[in-house]
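Labels for the chains are A, B and C, by order of writing; each one numbers its residues from 1.
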Amino acid sequence: MKRFTSVHDIGDLKQAVAEALEIKRDRFQYTGLGRNRTLLMIFFNSSLRTRLSTEKAALNLGMNVMVLDVNQGAWKLETERGVVMDGDKAEHLLEAIPVMGCYCDVIGVRSFARLSDKAVDYEERILEQFIRHSGRPVFSMEAATRHPLQSFADLITIEEHKRVARPKVVLTWAPHPNALPQAVPNSFAEWMNAADYDLVITHPVGYELDPRFVGNARVEYDQRKAFAGADFIYAKNWSAYADPHYGEVLSRDRAWTVDREKMALTNDAFFMHCLPVRRNMIVTDEVIESPRSLVIPEAANREIAAQVVLKRLLEAL
Amino acid sequence: MKRFTSVHDIGDLKQAVAEALEIKRDRFQYTGLGRNRTLLMIFFNSSLRTRLSTEKAALNLGMNVMVLDVNQGAWKLETERGVVMDGDKAEHLLEAIPVMGCYCDVIGVRSFARLSDKAVDYEERILEQFIRHSGRPVFSMEAATRHPLQSFADLITIEEHKRVARPKVVLTWAPHPNALPQAVPNSFAEWMNAADYDLVITHPVGYELDPRFVGNARVEYDQRKAFAGADFIYAKNWSAYADPHYGEVLSRDRAWTVDREKMALTNDAFFMHCLPVRRNMIVTDEVIESPRSLVIPEAANREIAAQVVLKRLLEAL
Amino acid sequence: MKRFTSVHDIGDLKQAVAEALEIKRDRFQYTGLGRNRTLLMIFFNSSLRTRLSTEKAALNLGMNVMVLDVNQGAWKLETERGVVMDGDKAEHLLEAIPVMGCYCDVIGVRSFARLSDKAVDYEERILEQFIRHSGRPVFSMEAATRHPLQSFADLITIEEHKRVARPKVVLTWAPHPNALPQAVPNSFAEWMNAADYDLVITHPVGYELDPRFVGNARVEYDQRKAFAGADFIYAKNWSAYADPHYGEVLSRDRAWTVDREKMALTNDAFFMHCLPVRRNMIVTDEVIESPRSLVIPEAANREIAAQVVLKRLLEAL
């Protein structure tokens, strides 16, 4: 594997999950693989789970890890050619990226959508420039339009808990005070479709996702209907994708909050969320604390997902 | 050892000091113990000595170390149940803590008193929630009411330098511009009492510490009388504990500064302070730079204290 | 080697370059040397290349690395004796530095010129205090008046690319929006002189460097004349050194920008810059992207230069 930015990079999903479960049984069986190899993690946006789980995965493989928090400092990068750089941008991406590539073997990049220009976000400009100019294998630690390490962890978690070969999985929008990117729902839909699950997406009118990610999933505007018979409820907020409201909050309607009464409509479904979660906006205390809540095992699988990805990138060096 | 939050967790003090001195002779004799083990250090407040000494101790044991600075980012955690999280708090401690526990084997937590509500501070809410919800052994890197790694280092330092079996140790308040927690003096008193030293505490009226920490120590309001015949002078500022002035600065009286003239009243005592120290408020340049000053060896023993604690936590995994 | 603050610490340059090239052939041949050794990197100013390349070099040698960002926090250090520390400075350098020395084996320090007081800057007060009080070997990761790791990397790069035994090397001033220290040009001149290259320095009137660094180099105020027959063009901005304009920007004249037309005057020279570079101020897109641009190999050699320095410091422990 030469890069990891979406489900398309990982090949056969059954094999990827099998590899994940094998690593989970003994996560220190490949400590020689990362010897004298250095992972550079670059954060243009802050992180808790992604940073810790990816760092842990790299350490499990015997790698060295260096972390660069671009967001904390005042390090502003120019991205255009031809600009006379006499302002506040101290460096050009065309120098910064190859230099970062000099000091490591693998690069992880986190760079969120800014939600002000759909074309810029959906081009994945930052991630693509790292792929083009760093000279190193690059993987996404959440980019503007996808969060594939999260989705891979979600897939592993569902495979560990499913009771039927092809479970009904419901991705439901839920309210949040702020405008959030579509990366997690886009990516989740892409992976669930690739796994050939029975995927239903439910959200208020206006929250339609990019059709390239929705694929063959059914869209159901009535949340209760969507929940009927579900094996897994995956809750997430996102901002509008459709023009002219790209990046906007259209609703904070708490009628969409996942609660016990709605969970009772399901086939005793498991509850999932990528975290961090706004309690009593996205989901009630009761549901997230219930025995059917998978939010912690799901987060724990982030380490496993990252380790499979790093292992494959190392094997291809 | 399953946790380390106070002197009560460490068992026999003579044995703990012996173990410390054995480690000090060769701090790399247990590098196998931490193999494939990860320490997560979480700082809700900033740190120099604690971070470096604890990280060094973990590296001496062959551990991997991950550091999370909660204070630097804008990461605000909700701590109450039932709250509709539609404000600026992005995550609930009840998710954040177990997730952090997923990615490590041992957790160190630093979380200071806020000095606005005595009950909240003395409950040690943050530390206790990590103990309850992380699923990992937890140790304090200074909490609201105690700083046991500091006190353990202080004990080691006194044991290395004492000239009599039961030295007279004087904990003296000294002035400081800001309102500081009582964690260091509380903890120091607790450890000195546990070591059965002859402990005297001296401070202006109004600065009485919690009686649970004072124990059988003598309280002497005349600093000069307290210093008479002392073997060790341990200076520290703290804010008021007693109601209704909890957390307040009652005095900045530089008549309490430790100087050469007062040190002359002692039994050629050693001078100690946990650092950072405000020179010429807490202590004069002359005293802190004198040959009897132990502030640097004391700081160096922070690494040893942390290594004993980590070693014992690792052994009990 | 007991310290590394200038070319004077490194001894014979031919031997140093030979050692660098040997390490570059296999940078993992000395992984045992750093075993159980800890590098502490202290940044009073922010860093990208220096931090990553030095950390990587230390990891190549098997060292542990701890990073302290003094600039990010609010950690203000008192540097004078006799001050009553009742203000915003929480700690004195005379405690902070020896304490940092307790927890590591080697210390790297970055501390820029402040450009407000030439005497203070050229005394190298911070760096010298670390040398005097830390009890550890200290190396500069760019100090007020020199950047020797950069200059060493520059030397290696020139040695790798030169076509004649004694190349003509031109250090040219170029415009920049901000006031920058003289550390890079000072240091570059010092190393080029020590290597006995044919060094020419060109800049507008008023930008004369400290004569101790200029040494026997020729100063040429006509940039085009300076470029004639050059083998290497090394561009850099700096602020004025001469009184009464110390630290000031005297010119932002883009007639000094390095462009294709000027490069055509040279002996097909290579272009060098330490990065970060302001494109179209210092150099045009065209020149920096040309096949003769060495900016990326030069940055890559930062790791090698740091590794030679760390190797020698470790060997002398």
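Just so it is clear, a residue touches a chain if its C-beta (ideal position, glycine included) is under 8 Å from a C-beta of that chain, and two chains touch if they have at least 3 such contacts.
Nothing here was measured: the structure is a model prediction, and the numbers come from that model.
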Contact-graph distance - origin chain B, target chain C: 1
Between chain A and its twin chain C, rotation from the CA superposition, multiple of 5 degrees: 120
Copies chain A and chain B touch via same or different residues, half shared test: different
Euclidean distance of C-alpha centroids - chain A vs chain B, Å: 40
Per-residue overlap in chain A, given as positions that touch at least 2 other chains: 72
Sites on chain B touched by chain C in the complex: 28, 31, 46, 48-49, 52-53, 55-56, 59-60, 72, 177, 252, 254, 275-281, 285, 288-289, 295-296, 299-300, 303
Interfacial residue positions of chain A with respect to chain C in the complex: 36, 38, 40, 64, 66, 68, 72-75, 78, 81-87, 90-92, 94-96, 98-100, 102-104
